[in-house]
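Each of the next two complexes has chain A plus one other chain: chain B in the first, chain C in the second.
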Partner chain A sequence: MTSLSSSPSHTGIEAVASQSHVSWLRRFQPSSLLWIVLAVILVLLIIAPVGALVTKSFTDPATGGFTIQNYIDAYGKARHVEALINTLYMGAAVVVLSVLFGVPLAWACTRTDMPFRNIIRVGIFGAFVMPPYLGGVGWILLAGPNSGWINVVWQAITGSTEPLVNVFSFPGLVLVMAINTYFTVFILVSAAFEMINSEMEDAANMLGAGPFTTAMKVTLPLVLPSILGSALLTFLISIALYGVPALISIPARFPVVVIQLTEFFSYPLRVEVAAAYSIPLLLITAGLMALQRKLLARRGFAAVSGKGGERRIVKLGKWRWVVFVYSMFVVLLSVVLPLLVLLMAAFSRSWVGGISLDNLTLQNFRYVLFEHSSSQQALITSLTTGAAAATIAILLALAIAYIVQRRLLPMSGALGFLAMSPFVIPGIVLAIGFYAVYALPPVGLYGTYLILILAFTTRFLPIAYTTGTAGMRAIHPEMEEAVRILGGGRLTAISKVVGPLLKRTLASGWLLIFVPAAQELSTAVFLVGPNTRVVSVVLLDMSEEGLLERLSALGSVLLLIIVGVMAIGVRFLGRDFMLRRT
Partner chain B sequence: MEGLVLSGLGRRFGNVDAVLDVDLALNPGEFVSLLGPSGCGKTTTLRMIAGFIDPTSGTISLNGRILSSPTGSIPPEKRGMSMIFQSYAIWPHMTVAENVAFGLKLRKLHTDEIRKRVGEILEVVQLNALAERYPAELSGGQQQRVALARAVVVRPSVLLLDEPLSNLDANLREEMRFEIRRIHDEFKITSVYVTHDQSEAMVTSDRIAVMNQGRIEQVDEPYKLYTKPRTRFVANFIGRTNFLSGRKENNSIAFDGFSLPSEVLGIAGTAGRDVAVSVRPQSLRLCAKEPIAPGQITLRGKVVERAFLGETWDYMFASEESMRLRVVAPPSDVFEIGAEAWVQLDPSQMVPIS
Partner chain C sequence: MLKNVLAAAAFAALLPATALAQSEDFTAYEKPLYEAATAEGEVIWYTSQFTTEMSESACQLFMKRYEGIKCSPVRATGGVTFQRVMQEVQAGAVQGDVFSTNDQSDLLELKKLNALEKFLPQSVEFMSPVLKPMNDDEGYFFVSSVSPYGIAYNTNLVKEEDAPKSWSDLTDPKWKDQVAISHPSFSGSAGLWTLAMKNLFGWEYFEKLNEGNPQIGRSTADGYNLVVSGERKIAVTAIALSRQGEAEGQPVTTVVPSEGLMLPPSGTGVLAGAPHPNAAKLFAEFMLSEEYSVWLRDLKRYPLRAGVDTAEGIEPLDTSKVITVPVTDAVQGLPEVQDKFRDIFGI
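Right, the complex of A and B next:
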């Protein structure tokens, strides 16, 4: 072994170290340059659109001078104010229903011996996968006042001429929204339930509290911050959602903010008024989001810490079937029924024609896949813009997460804050901002793929950043330091160690963005041009034209692609990769 | 100047001096430990040597070349050093052999040479059978050996070890101490070892630098550090001790119940000054009868506390002048609490401290 120490050194390191002074160039870190580049990108993606939104709202379209006329135009009409009030009212109702759906299911799936918990879980997961507008179409097929299947069956049985249910109503609107948003409540509250240590409940039992007292005095207060936090989040998601109101609130004669915004965007185009009209939505979102963060951050008092102690499940006895029936009912409403009718309509000549061999056809699929050029192009556009946005967002987010986590430079925290900030911008408001700054000349990106990709990147940057930060945290800084002390620079450390170790994060982050980006509607609605329409926009057009069978076929294709991509993710990244986002 | 030299080294974080005025010179091939409680600045010092932290005052030089100074530092990758990290920092996506070969590849050695050197070093750390395994398939001790092999194989100018054994269980830790010393004896790499465990430092090191509140209190060989501690902190941190306080008189030092000539303790200076002396519990003898011992000091008193630790008795003795002394005695020397006893002190084992 002595040969090891006696053979000559090849390192070449002595030669470098022999320079007695340390030059400026050798001390220069390329990371400073990277910081500037990232900051510029974030300014272009986030600050510029939001800034443009605010300035436009105070700009006179004719003269370019300062004015508050836009706000007068936006809120001067009773109808416009009513839409805002309606929206808040609807949001509150959606929250109530989402909590009624989400909390019991979260408890049942995490803390009880309810049968078939895994099936219920898969069903709830389906609610997340299904784009809200497809759920909406499903419910139009189910509960349309004239030919909705539920009404047809009801009328056939009772001989009544009146419809039993009508989706084009306030309750219909709320239900169709809630079947999508309760997933958020379920995930956040499940996480809280999973972190409660059974010993806390045991302690109450030991002091003489029965199961009911324990549940009310110990368990519920412990998960209350999560329930409130998820309720706020649900509220914000629902008031900003575009697809479901576009399908339902117009026939229901229930004007809401997002629909009113599209009105400002149709002829005559009034971007300035739209900007002014959307500012309250932005302020409400930002304010409530801050409140939500505060609620969830105050966990400290709840001591919901996962460390130590076991979690025991509650034995429900006979009640387990009651709980199961309720859970199944929610899953039926939210996923099984709408999906079933959607698929049936996709394979039908006419969806009102009922179930018969004559009515069965593949024509709808042939139409959307091979004949209808808009559908084909939309599929390609959705997949490519989704993939491009996912790629850019995750790489950008990882670069920012790296700088923030390693504290490479002062003020890197500001980058992290910026990267998270699109979270408080409703998609449709972001679209107005992007329109205001990039759509028109001199930039003139309206109707290009680029503006869609940039807007989607911004929209999903927070998801990417959360994933990226979690991934970076898992890599001990010493992993990199070991490279450097052995003679590799920072770039070697990144390419040989950090990069390979982040592969999983990269893949799961990419999928987490691609899935919602490929079905995104609200950000796209003002930015698509005649040749860049995405699937969601084409689906809405089809619904306006009443082509529900073809719409169902195209929707099924989109769902199939999404499920396929997620199946690949689950196969390679593990079952719960999608759930880490919260 | 040959070797690794830290002179006047300091590092401020905000208003806190994490490291202050550290002077330390390592001869080529020497193994020195930085020993101290957590927060004493030892890890900061090590990371400054590695180049991960820049000093705010003083310099670090290697064989006469400045590596770090407040005006600028050579980055870690250009220092030709290597380091064993507290977390091991074994790359989980590379096999054992790939981990070890990494530094050699960066040095652009020939493939055959790399294979030969990796094989040799894996034999030294007894991992040649596991060369193609991934780190996740190894035990903690084996991962530690990979880290050791990876750091040593590049023949670094200086080897830095940052509490490398703190994540191992007790038995393995003891075994790895000797392993680290064995590898040092074989390759003679100048090494700096950071630890808060005194026995780890004593087994591995040629010299130990005891650090406290950002400063080095004393640098000495392990034996000298234990027998001749210079400060109260060092005497207390390395092993256990009794502190006696006395007062300097003209030609003697007066303690409670006895006095000693100044020259015996080697204490000079003006009369009237307070003096402190450290005396180890192991150097005291507890006797049931008054011992006849010329040149020794005998104090009469009684046993007030005792604990049996298996290998030794741990007694607390209180003299008639109510001076309390901890005494370690062999298991056969049994004293009941309250029993009359005499303690015998050897002046040559009494060390003045500051």
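Right, the complex of A and C next:
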């Protein structure tokens, strides 16, 4: 803006120069052209794979004609139905645990005088950076029934021969999932807590309610819609995870949908049956998402507003330490303990060898960095495809958000809806759709970087769009109008005003996508070729053989790089770049 | 081996000095193949027959001999590897060159789909007489490794006299929560083992085994690593792993079950439409070289060539008691076995 007001001559020249530009723009309506381009991109990225999935599920693989046989094959077996029921059951349990972890921590970090709030925040941040399958490996090292660290210590102390905890069980599976997913609850609920003003809480206090009564009776009901919304989101994320079930649910003998899907993808390869099997999952997630929209739309409490109202933190008194211990407990379970054992295993000859100089080695790192032929390449592939997907997704999302927010065209809402829709598509289901449309001839993108980048872009488009919309909302149209009044075209307004103002949104959105995209497993699992293996897939292959020390080493390298990228982001964007958004 | 000295000299003149020493012992057959393969520059090897580490080391050996050709192993379980190859075949975009598996029925399926090149290495003639008959009789794939299944146990946790002696000992209630097996839908050799045990004892065996709550891994190697770490005391696994581990000083040893070792010969075929066809053939040829057999022997595995003896203390295959599953039986029996296994073990 300074350039606009302080150098009128410059603007004047520009205005003259863009005179012809303006008339050209008026005739061609570039925004409608853009609308068409964006719509085509979204159709290719979202409608085509999902459409192919639905079509395939009704297609007879032999004749190409219509059939419902795929559904009979998919659901004609008690075991297959059981896997679906198990998955829903597991998802519900993960939601309960995530809420128990996420909500108190969100409250403690945003609304109370709990000590060391920043340490807790950094810890929770770790849960975002740590991919679920590495958390899973950490917990196998901690709670393997016979040689897991916790059990070894427990048996040494008590003399018991029975294990205390067993990760290869339903509770183990749920815990490992929840230590990753509670982050979503934390972020969304924190955002809601930060928008509440304190007057109602003050009223409750004046009427004699203690801090906990106030929290339960006043604060909690105010954030309930966000809790429910984030709970549904957690449900969607957890039922679609692939890595954790592959590590844990097989030894735990707890069949779930994603494992069953890989069975349809093994021999004989039945893409059609896999498609049919994933349709109910898609319908369930779509139904839940609709429910969530309804719940969030009901958020009509006047107390929850973007601005105004004073917000004070609650003084917990002696309870502040109790709250701190609970928060620390969650951070220990979710980040500190698994990360610690992972690092220890990475530097050990044998992870059961204990802490001693004899057991200390750098060999695992040498192996994964220099001797293992594909992990170096895989690290590069993960980072570049992650970066490419993040870049494409954020640019695409901002373009859509701009059109939707400025209501440039009548049908713009449809674009926004489409951009959000991948939320309901579980990653592995998306991969099957992508495989059906883009891997097979005539497109034939199997095993290319492009198919991975496109699939990752689609998968994380909703995050990009949410960030983009939030960023766009913060820019008042009057600044662009000023440009227009001074004679600049819309493109000038975008490049000189909107673009610079969105830098921060661009960067934080990019990071929010890059981190999960560089670690993505569920979508990659059916789309990688021998030359395009990403780190997550290499780690999965290593986990089959139980090479936990080497897996830990490679996982640590990946984490280190991602933390490095995040650190650069934090330096430029400030520590709270991802905690102050919805 | 036949050496064509003249051609070697002419060829050597074209190569950098570093390659000179190796090029001298190339056979007349090998040489043009090597040249063509060098032009292709790479070979991608889909394999489940070895662990990741062994696959890497086999590739290192290949790259040392055939300088200028990058060898990239892609190691996963038989089930996962086959799934990836099938996806490529279905997509009409074959990206791998050579496919190795412990479950030869996968190779038969690929052959049926015309996804295999009709190719056998020239060196099949030097193969051990026990193994040669197990090659595909129409010349589409050959035996590229032998990793019999036996029992491995942790020597810190189990005394020798207590250790199981037979396959049927594994169902003994005293091993409750202590046995590790692998899943036939993931591991190819586990599929054959399941079929072999079913043939020996019937499904009752697995029902009893299930009462002992075995840990079910995806790969055969997982069971071995569980035993080394002490997470489980006993594993049904490829004895090559436990023999090699014991030689390296790991707390593990091998039991040859009294009913016999379960023998799944690993097979290798060159994929039709491979992006690097000559490199693929050269790699297949390499797998039957003397060098490769010596390497196998040094890792306590069974050599493939007739002229190379087994390592000290390991009984040669022709005198060992082995249980085999004919590949045609495997093709027919495996889907049912995988299904029944899932029913019994609930996963």
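In this text, the second predicted complex is superposed on the first by the 531 of 582 C-alpha atoms of A that agree within 3 Å, B and C clash if a C-alpha of one lies under 4 Å from a C-alpha of the other, contacts with A are read in each partner's own complex, and residues count from 1 in each chain.
Quick note on the criterion: contacts are C-beta pairs under 8 Å (C-beta built on N, C-alpha and C of every residue); 3 or more make two chains touch, one makes a residue touch a chain.
From a predicted model like this one, the values you see are computed outputs, not experimental measurements.
In the superposed model, A:515 lies in contact with neither chain B nor chain C. Of the two partner chains placed around the shared chain by superposition, chain C is the only one that A:547 touches, whereas chain B remains out of contact.
In the overlay built on the shared chain, the residue A:374 is in contact with chain C alone; chain B does not reach it.
In the superposed pair of complexes, A:484 makes contact with chain B only, with no contact to chain C. Touch criterion met: A:444 reaches chain C, while chain B stays clear of it. Of the two partner chains, chain C is the only one that A:269 touches; chain B does not reach it. In the superposition on chain A, the chain among chain B and chain C reaching more residues of chain A is C.
For chain A in complex with chain B, the touching residues are 1-5, 9-14, 16-18, 20-24, 26-27, 476, 478-479, 481-489, 492, 496-497, 500-501.
Residues 50-52, 62, 65-67, 69, 71-83, 85-87, 89, 91-93, 102-103, 106-109, 117, 120-121, 123-124, 150-151, 153-155, 157, 160, 186-188 of chain B are the ones touching chain A in the complex.
Chain C contributes residues 44, 46, 51-52, 56, 59, 71-77, 79-80, 82-84, 86-88, 90-93, 95-96, 106, 109, 177-178, 183, 185-186, 215-219, 221-226, 228-232, 342-343, 345-347 to its touches with chain A in the complex.
Considering their complex, residues 79, 144-148, 168, 246, 249-251, 253-255, 259, 262-263, 265-267, 269, 271, 350-352, 371-374, 435, 439-441, 444, 446-447, 526, 529-531, 533, 541-548 of chain A touch chain C.
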